[in-house]
Amino acid sequence: MQETQPYLYFPGCSLRTVAKDFDASAKACARALGFELKEMQGWLCCGAVLSNVDDNLMTKAGPNRILARARQEGNTLVTLCAGCYNVLKRTDLHARHVSPSQQAINAFNEEPFNGGVDVLHFLEILRDRVGFDAVEKAVKVPLKGLRVGAYYGCLLLRPFGEMKFDDPNRPSILENLLVRLGCTPIDYPARTDCCGSYLSVSSTENIQPLSGAIVRSARSCGAKLLAVSCPLCKYNLESSQLQGINDSPPDEFVPVVYFTQLLGLALGIDPQQLELDPRQMQAIRETSVSTVKG
Amino acid sequence: MIQLETNFEPKIVGFLCRWCSYAGADLAGTSRIKYPPNVNTIRVNCSGRVDPTLVLKALALGADGVLIAGCHPGDCHYTNGNVKALRRFRLLQKMLDQFGIERERVRLEWVSASEGERYARVVRGMTEDVRSLGPLNWKARVEAVA
Amino acid sequence: MGTKRVGVFVCHCGLNIAGMVKVKEVIDKANKQPGVVFAVDHKYLCAEPGQTLIKDSIRQHQLDAIVVAACSPAMHEATFKNIAQLSGLNRYNCEVANIREQSSWVHDDSDKATSKAQIAVRQGIEKVKLNEPLQPITVPVTRRVLVIGGGIAGIRAALDVANGGYQVYLVEKSGSIGGRMAQLSETFPTLDCSICILGPLMVEVYRHPNIKLLRLSRVEEVKGYIGNFKVRVRQEPPYVEEAKCNACGECAKVCPAQVPNEFDFGLTWRKAIYTPFAQAVPPAYVLDSTNCLGLLPQACGECKKACDQFGTGCMNLDAWPQVHELEVGAIIVATGYELYDATKLTEYGYGIFSDVMTSLEFERMLSASGPTSGEIRRPSDGETPREIVFIQCAGQREPETALPYCSKICCMYTARHAMMFHHKVPEGQAYVFYMDIRAGGKGYEEFVKRCQEERGLLYLRGRVAKVYEENGKLVVKGVDTLSGKRVQINADLVVLAVGMIPSSETHELASKLKASLDANGFFSEAHPKLRPLESPTAGIFMAGAGQAPKDIPDTVAQASGAASKALDLLSSPTLEREPTVAQVVGELCSGCGICIPSCPYEALSLNAETKLAEVSEALCEGCGTCIASCPSSALSLRNLTDEQMLAMIEAIVAS
Amino acid sequence: MTKTKIAFNWASSCGGCEIAIFELGTKLIDLANKVDIVFWPAILDYKYSDLEAIPDGAIDVAFVNGAIQNSENEHLAKLLRAKSKLLVAFGSCACLGGIPALANTTSRDQIFASSYIETSTTDNPEKTLPQTKLQAREGELTIPEFYNTVKTLDQVVDVDYYVPGCPPVGEQVSKVISQFVEGVLPPKGAVLGASDKSLCHECKRVRTDRKIAKIIRTYQTLPDPQKCLLEQGIICMGPATRGGCGSICLDANMPCRGCYGPLPKAIDQGGKMLSALSSIFDAQSEEDIQRLADSVVDPVGTFYRFGLARSLLRRTKP
């Protein structure tokens, strides 16, 4: 069950800046579950979702370079950020068959890449390699009664034809994990709605209607906490509440955490190490019947 | 010995079963799907008609590859002629390994009457594989080392 | 044989061939081949002038054999063989070289396409030189027809053949004929009551002296060939004597076993002993042994007691399945359709939200004989829905996730559903999400227009992104591409126009029939334009939605067409078979017997005296598997001998 | 009457064919009265010069056994061809390449390496390999050039008749020779001393159902002497091999190895046997089929034990 050999790991920009907590908690969880996340050599920005634009080859150069380098070190690459996962997985798929665009990219890059890196999400490692049973066995502090709304967003799931990660309309992988941690996952309609993504940069006013609606939907279905796997989603879901443009009173604030942080707590890892802030901890303690230390 | 000729065009003999694969090839035609012209086909009633000896003969005569295509297992117009083809093919493959003839050169594929796209894919794939292996040129090879 | 005078005819097929293949060069190359005394090209060889050209040239140049380089032999081989015969040649002295489907249409380099065509022609020349003149083998025709499937297609086909004076076996897997049409309430565009127009036909089938109806039956095995099929049909016992049963229903009253009624898609219940529906034919009860409390050993037997006491005593609980060995000359496949599994369309939440239903379930609800006797009610709480959303193209025209094709009838019945809803719930509001309206058909466009103009009926051009439940309502989120606005409807009921797929057992049946299926699992036709009623496998014809999604008029038309095809086949007592069968060269055969098991038709045997192999020509299908297995090369396939194979291989390799 | 002038010669062979002629025993004496043996290095000392001295076409019939594996074999074959009216390929090696032709699965270099360097019994520190020429005190010494590919007799000279067998069985040999003495001969190119039907035709074993569920090798079992060996899972070349040998191997409860060569119409003995054998594999699933195919150890050596040089491919890929 437990993997010993380290997994090659691509952190991505956000996990080095705004999402250090995602990175830290994931690494801590991995260790607790008996495997290592080995950071790949010379990684660079995945190009984010830009590289999904087909006519812009330049944006594809980066991810191809990343995968070409990863290929040196192995043939699987683990990601945490849903955005990086989406970009890298689709870049690999695209590279697998010959196409003019791929040839152009390979002509441009110093090292040609023709696919063959299995880009995996940390969740897939937990489910397919470690196994949820093993995860459940490793749980020290079941998060009993913690009512969590899993939020997927778009990038993990779509386009379905390429991602094939989970059912794009009724995904379940996060819920299945949360149950093993003792949580009570909340089903709410907006689980897979778009958070607004980069509109938070270009046109902030559009975030409220989108992310706000998601938070409201989750709250109305009884979620006390939102679990995500994407720094941008997290930012949007939080800012839509913090910006004050959210009608909801502060006590109805729904904290947003990374699924790895909940996993960490359940595995008995110290909240500081998981970089959970007080507000989040408070929300967790309030609702979880079990005693979460720290 | 054999110097690789530039822009080498593989010569491939294709034995296609009339009910599935030949119809599939025709469908590729009616659908105007493009594929390389390197396979000339011989229409047989069933892939089970294809005697391994004929494959050997084609190779000895100078073919760079041989493609045998029949109905998917279970769909044979003659119940299980394709299974008999498979029995012969597997043993033939083993023997061709000993003769040093690359597996890419002699292939058995299942192509149904509705799989025009698949037929085109098979031909593309095989032509490219054989092209990268270079000419077989059996007679010359053998005489070169007399 | 080698000294045949061969003529080569190269067809331009307009520009289909000449546009890519350099016909002149093909001619020149052909002229250089030994044995070729004449070669000519023509714009359309298959048309009258072309055929005349062939005929005249054969006479003029005393040709012994011809090669026609044109479209695939699958297209016009027969035509060209006929013309050869008309011109005094043996029809087997004609070969077709495929330079269209397998050359001009699939290559874009004119030179390469041309040289490939030249090789194809050379193959034909080498082969035809070694062809021997043959006479077709004549075999008797069994003048009976098997119709598989008792829906409207099967019913129509069976009646037409039966009225034509031949005996028909009609095999139906369920307890009654009628099929899908029996489940419909009305039919578009005329709004006829479906069962009212179907019912009489069902009864006609039941009463017809030439039709033997086998319900609860399945085809187990199909042997033989066109004109002489041997079919094994297994019939489950109804445990009720059809003739005696008067459908009094006493048995069902006492039956303790309740099961969801499949005829109503589980919207109602039935007993383990039941009649499939009110107008079922035959009008007799059926015991479904899988849901019965137990027959072996008998667990309850209440039904029999009731039947003996109050009914006609027509029950027999010790009945066994029957196996029928049928001999028929033609088979008509009318296996119909099912709906795509709507639970796979997770965005709509079918199977999760009880008020999301399929169009066929809604159809039952509209039906006067249905679960709500025609009233429209929400399954969840029995309330009358006010806001109803119809989603067209559900799981259709979606190559990536569901069905790539269009089911053709959904636009029409959805319009009808919306209209019926509005008639039954005048104050209600109906919304229809559509991609585009496909109303090709007599009176169809007019019908849809009428519906669209109905008050309280709103057509929205766009797709639905998701459906979810929120405080007792179904929230339907979609987009109206005409206004460019996202729309959200809080609906009481959602109806999915789910796509049609071939019946579940189609693939299994197809491999028994050796009939090929298309990429979507429907029966494929011999030619999409010219032979739409025939399977590529001779003697098998198709009718109805088993071949492709279609509406009732098309189905009925196709059924009558298939029937007349079958009648045509049966019209003569004998039929000619390809003589290109296997033969044994006695002096070469050593009687090793390797070939015997290789024949799927038991056409090979060892002669009792000579101990040598011999072929029964009537049984041989000419697959040639035995030829490959013969270590002495004593077996050969007429007009596809090893010599000919070698000649063709050489033509390919040596060029 | 003038006696028929006969020559015997051996090329690359084991000498068994010579023994086959001795097998005639006392018949040899009667033969000696009818014929006049002008060249027979196996039993009398002849030099090339003796053969060269014979005027062209002076020999009535020359029997050559053995395959052509070196330049001497070829030289003598050509010489005899010139000197003789009729040339007969005698025995499987001359007709088909025979056992020596299994060398066609490897190459001269590999053969030299194993014979002169690798084998444990070899002591050859300088790794000296056979040279065609060598300057010695006595002058230039030469040995024949060893060929990469073994050939059949008719691949180097025109052959009139073929007598297969490893070796050809005794009574057949005497029949054949008397055929030549009496000069009653079939058209050129005919196979003498063998049947035109497969061994199965004369095999006395009982055949029931043509099915093979598994392949066994002779050392793994004691076969039932009554039943067809093929049906017992032992690969018997009988179906694809000419009869006429009197099925002596089968009488010894051993499978036919194919020494009498391909049947008249068969394009390729090995290919035909492969097809026949796999055709009766009792397997439907991909796995079972693969398993059965894998259980055929060394297809080339089995199906072409005697016929490799005469086969369609003739040798493995150089």
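Each chain carries a letter (A, B, C and D) given by its place in the written order, and its residues are counted from 1.
The rule we apply is simple: contacts are C-beta pairs under 8 Å (C-beta built on N, C-alpha and C of every residue); 3 or more make two chains touch, one makes a residue touch a chain.
Predicted model only: the values in this text are computed from it and were never measured.
Taking A-C and B-C together, the pair of chains sharing more C-beta contacts is B-C. Averaging Cα coordinates per chain places subunit A and subunit B 48 Å apart.
Chain centres here are Cα means. That of subunit B falls 31 Å from that of subunit C. Look at where the CA atoms of subunit A average out and do the same for subunit D: the two points lie 73 Å apart. Within subunit C, contacts with two or more other chains are made by residues 598, 625, 628-629, 642, 646.
In subunit D, the positions touching at least two other chains are 266-267, 272, 275, 279.
Residues of subunit B found to touch two or more other chains are 51-53, 57, 80, 84, 88.
Chains touching one another, given as pairs, are A-C, B-C, B-D, C-D. Of all the residues in subunit C, the ones that touch subunit D in their complex are 585, 587-594, 596-598, 625, 628-634, 642, 646. Interface residues of subunit C facing subunit A in the complex, by the touch rule stated above, are 346-347, 349, 352, 400-401, 466, 468-470, 475. Listing the residues of subunit B that touch subunit C in their complex gives 9, 11, 13, 19-20, 22-23, 25-26, 28-30, 32-37, 40-46, 48-54, 57-58, 61-63, 74-81, 84, 88, 112-115, 120.
By the touch criterion given at the top, residues 160-161, 167-170, 189, 192 of subunit A touch subunit C in their complex. Against subunit B, the residues of subunit D that register as touching in their complex are 105, 107, 147-149, 151, 266-268, 270-272, 274-275, 277-279, 281, 283-284, 286, 289-290, 292-294, 296, 298-300, 303, 311-318.
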